[in-house]
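Quick heads-up: structures coming right below.
Each of the next two complexes has chain A plus one more chain, namely chain B in the first and chain C in the second.
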Partner chain A sequence: METMNHGATIEQRKAQIAKSKRSDKIATGVLTAIVVLISVVLVAIVGYIIVGGLPHLSWDFLTSESESFRAGGGIGPQIFNSFYLLFLTMLVSIPLSLGAAIYLSQYAPQNKVTDFIKTIIETLSSLPSIVVGLFGYLLFVLYFGWGFSILSGAIALTMFNLPIMVRVIQQSLEAVPAYQRDAGLALGLTRWETTLHILIPEALAGIITGIILSAGRVYGEAAALIYTAGQTAPEIDLLNFDLTDPRSAWNVMRPAETLAVHIWKVNSEGVIPDIDVVAAGTAAFLMICVVIFNIAARFIGGRIHKKVTAQ
Partner chain B sequence: MSMQTETQNKETLEHLKDTQAPSTYIEQIPEGVSAVMETQGLNLFYNKTKQALKDVSLSFRRNEITALIGPSGCGKSTYLRCLNLMNREIPNCVFEGPILYNGKDINTKDVDVYEVRKHIGMVFQQPNPFAKSIYENIAFGPRMHGRKDKNYLNELVETSLKRAALWDEVKDNLDKSAYELSGGQQQRLCIARTIAMKPDVILMDEPCSALDPISTKKIEELMNGLKEDYTIIIVTHNMEQAKRVADYTAFFYVGNLIEYGNTANMFSNPQTPLLSDYLTGRFS
Partner chain C sequence: MGYTTQGAFFKLIQVNVVNSVICLKKDGKMAKEHSLIPKRNLEWLGIILTGVCILLTIALVFALIFMVAKQGLSTFFVDGVSFTDFLFGPVWNPSVTDPATGLPVVGALPMIAGSFAVTLLSTVIAAPLAIGAAIFVVEIAPGFGKKYFQPAIELLVGIPSVVYGLIGLTIIVKFVRDVLPVGGTGYGIFSGSIVLSMMILPTITSLSIDALSSVPQSYRQGALALGSTRWQMISQVVLRAALPALMTSVILGMTRAFGEALAVQMVIGNAAILPTSLFQPASTLTSVLTMGMGNTIFGSLENNVLWSLALLLMIMSLIFIVVIHFIGKKGGLEQSR
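This part shows the complex of A and B:
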């Protein structure tokens, strides 16, 4: 009888192959089912929120002030507040996290102190946002006396956001092979030039994805803001650029309820008769915004990556 | 490899660690022949304690190709990375002893390493073009060093690619990503990138070990042409390659320079027992 390498007959080997083909099919089936299940659940949630809220979205709803007691209020100021807070948070977070990530991945000495700092950042990135919110309340709102304000909210959001952004950017930079850095240094470039012109362009896709994902998180965040940016959305004037005027939209010392906080507040302590309508409409709008940013920013990220890498 | 030779190998290693001076044979450069680079009693320690180079004194003749050979882990790459001070980028790597470039010691505290690396270029084992277009890969270095003139750069890209025997293959696609090239083409692009800096010396660390035989042959051929203008120091684990391309060869063993001389002489008539054992395959 002919034997194979390990002493098995051809028949045995054939049976073995048939068996492993069968398990391969089963594994593929199971994994596909899991992915389909997850997608169905996600699509169902997103669909339910958008379909349920879409009928309530009107130009009037999106632009008018919210009501405290009567039906028919809108979410105009909340939309502005959400974007303004997102913008301010990113304005502070992006340069800080880029700087920290570049330092940690390229300059920090490899020692226990650096390892310790990296561990702290990892721990902070899983800090519950309500803890960040209450910490911000004690420190910014009360101790610094900033009150419920955009400033308190933006700094709390930055604290919440920074560790994750640092980690994601650091990981994208570390994923660029070391021989790319060596190539730059061997051409007589400094570390800084190498980082700026070789490593960052190559890591850009990952960096942009990280920024988008954390922007989505910041935009939809409620717990960190309830006790920092506050739960009221006073009437605001977009054309008033007097930054000390409490009615100016741009004044960072005024309280600013965001969309996510609005949903929470309407549901938990709202006394308006149309709670369901307002909550569903706001949730749908929030969801649509997050979906749009993700798609748009991914597209932009892809274009930038293509441009800088010629790929 | 039989059990016996393996044990012998170990013994030789132990022996080398114990005695400071294994039998060596270093051919001296005659008076009047110019050495572009030279190390004098170079010692190197990784992690401040692990010695990887022991008292290496070696000169490189101008416009010649010198091969560094020896078993893997003997310190060839480590030595090469001293010559353009790349080892300064490795934390806790300490190396001491004069490294002369055109007679001037560059292994000093106040040397401008960026200036040194403009004159002493390097090609790596793994082809490592930048994630940029073919054109940018070459123009990038000179531009970073202040050459902004478009016409100058266009011409530089063309001449560098021609010297690296890549021009004909890429001249219509200079805007394409370097990553779309084959491994062999990428390595020639890296050589072109190094040439574009107009260096004096080109260091190559096993530039063909990741390539197929045809690409290897192309690179060996172009090295011969480069000799007219540059001094080349190439690390290779391939003794046939050393025989084919190198005018002079240096043989390293566990951090020691064991033998140096004219390539043909060294391979036909090794002077030290270690080299002759290595050439006959007693260890590898």
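This part shows the complex of A and C:
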């Protein structure tokens, strides 16, 4: 005992212990205060957006066209554009990221090339979305001559979305216990069959959760879209299925302003007199969608996990 | 496109599998010949299908880097603006011609300074709070943390950046203008930093939670068994072991802050002047890009110089990646020792 305390008297030792205990209490208090602060800010943000915007969400607001100069415009086309763009983006990015993730987790040899590929994908994920959007503007809008269009926007969003989805799917695939994969291979299945019939069903819950969460991010993205899908929402006709008609809602070559772009647009360049109302209403709708995406991701992921694992 | 071809391939696989099963039932000898070849094809099919996805992704990234670099460098090699004038020039005014060089005045220093100011300030605000919250979730109240706090943080990560911008515009800018005794319009680096710190806080928190969770439980038990208090265990063992991963999470937060465009653009005031105060309108690389790209003619110097700003943004995010790799390598070495 004597040597351990370096000759400190019992009183000094006691004082030291008391000091340690005091700083432990202080630290716990500070950390708790931080969490309380963040929780309050979180509730305030979500509450402010949803409660502040909810009174403006009428059926008329959600379905009517937006106005450029007068008050009383709605967000009907923007809602459709957001979902249509989300759908097309997912249509391209799910198979692409699934393939890339399967390659990285199953086929890629452990060497420098694979490391390089991983770094490239990591780089894509850290690029600012405005840079991705500008690249889309350069390549799709100008060089390919697609103009401001849903197609340009969907591919720019795919680039923005790919690295996140690849990472989530790869993690889900790698979380499957190694013996499952080994058992498949030992039975004479190819790696491809093992992946399709054993790994993907097992990892499905994680994959779906990741896809829905990234869908929420795609849904709210604006910076990658302002110079690809454009900032205008022309009047559209949902029942017009002529894909070459610029008035058809389903035409992928028409410009399409989304909800998130609309919020930015009315605030930064808008001249309508009811900016506050339109912005608050749109933000509330966007926020409610994001909350639904989050809850759905948890719920559906849990359900699938139960179904597949029979627990 | 990719979708339909994949559908066709799935069918092909099914046919193959069915064929080989039928062969097995008919005759064991035949089965070997028939099932071996499709199996090998199947493996190639998998490699090719997934490899194409990887190649496509890589091609897109290379196209992005190449095209932005080419467009951004033409300011210097086609239009003849000097690197130093661009990087260190304190005045940004592309519509005015500098009589000394005969070229528009395109000093990017105001935006570079603005970008770094908002990034550093928001990180200084957000990082301690985020890491503190992560410690609370992992070490102090894991039950509450896992069940309530972590899902809430994930929700915050998912809030669109324009919504943060709108909150900044309607609450923070007004608060700075009307309540704080600083005068001015409320727009500026301070408001931008607050908005960004709200945005990157959940990102850093969620990554820090992962970082702290991956510290082996035995480290904690060892520290507690030696008689340390919980805070001693956290500050002297857990935080040190997790330091490289925590630094990575902070840098990823900074990357997000540096590249954020619309939320910042909405609250910073968009005046391309060298910032002298936190409460004066300023601008960042991203805000000038957002505002200017639609108002300039493609191929003109005014437009090319915007691409140079985009190139600068890209180079910065590449540097962030390199730093993260460097930290990862160093951290890895310490652990293996």
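Following the convention adopted for this analysis, the second predicted complex is superposed on the first by the 273 of 311 C-alpha atoms of A that agree within 3 Å, B and C clash if a C-alpha of one lies under 4 Å from a C-alpha of the other, contacts with A are read in each partner's own complex, and residues count from 1 in each chain.
By our rule, a residue touches a chain if its C-beta (ideal position, glycine included) is under 8 Å from a C-beta of that chain, and two chains touch if they have at least 3 such contacts.
For clarity, every value in this text was computed on a predicted model and none was experimentally measured.
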Checklist entry - Does the chain A-based superposition show chain B and chain C clashing or fitting? => result fit
Checklist entry - Can A:190 be said to touch chain B (first), chain C (second), both, or neither? => result both
Item to check | Contact breadth on chain A, by residue count: chain C or chain B | outcome: C
Next on the checklist: Under the stated touch criterion, which partner chain does A:198 make contact with: chain B (first), chain C (second), both, or neither?
Outcome noted: first
Checklist entry - Can A:213 be said to touch chain B (first), chain C (second), both, or neither? => result second
Next on the checklist: Going by the contact rule set out at the top, does A:121 touch chain B (first), chain C (second), both, or neither?
Outcome noted: second
Checklist entry - Which holds for A:68: it touches chain B only (first), chain C only (second), both, or neither? => result neither
Checklist entry - When the two structures are overlaid on chain A, which partner does A:130 contact: first (chain B), second (chain C), both, or neither? => result second
Item to check | Per-pair minimum CA distance [chain C against chain B, superposed on A] in Å | outcome: 5
Next on the checklist: Using the superposition on chain A as set up above, list the residues of chain A that contact both chain B and chain C.
Outcome noted: 188, 190, 193
Item to check | Sites on chain A touched by chain C in the complex | outcome: 20-21, 23-24, 26-28, 30-32, 34-35, 37-39, 41-42, 45-46, 48-49, 91-92, 95-100, 102-104, 106-107, 117, 119-124, 126-132, 134-135, 137-139, 142, 159, 162, 166, 188, 190-193, 195-196, 213, 216-217, 219-223, 226-227, 231, 260-261, 263-264, 267-268, 276, 279-280, 283, 286-287, 290-291, 293-294, 298
Next on the checklist: Could you list, by residue number, the parts of chain C that touch chain A in their complex?
Outcome noted: 2-3, 6, 13, 17, 39, 42-43, 45-47, 49-54, 56-58, 60-61, 63-64, 67-68, 71, 129, 132-133, 135-137, 140, 149, 151-156, 158-163, 165-167, 169-171, 198, 201, 205, 228-232, 234-235, 252, 255, 258-262, 265-266, 286, 289-291, 293-294, 298, 307, 310, 313-314, 317-318, 320-321, 325
Item to check | chain A residues touching chain B - in the complex, by the definition given at the top | outcome: 109-110, 177, 179-180, 182-190, 193, 197-198, 201-202, 308-311
Checklist entry - Hey, which residues of chain B end up touching chain A in the complex? => result 84, 86, 89, 91, 113-118, 121-122, 124, 126, 128-133, 136, 140-141, 144-145, 175-179, 190, 193-194, 197
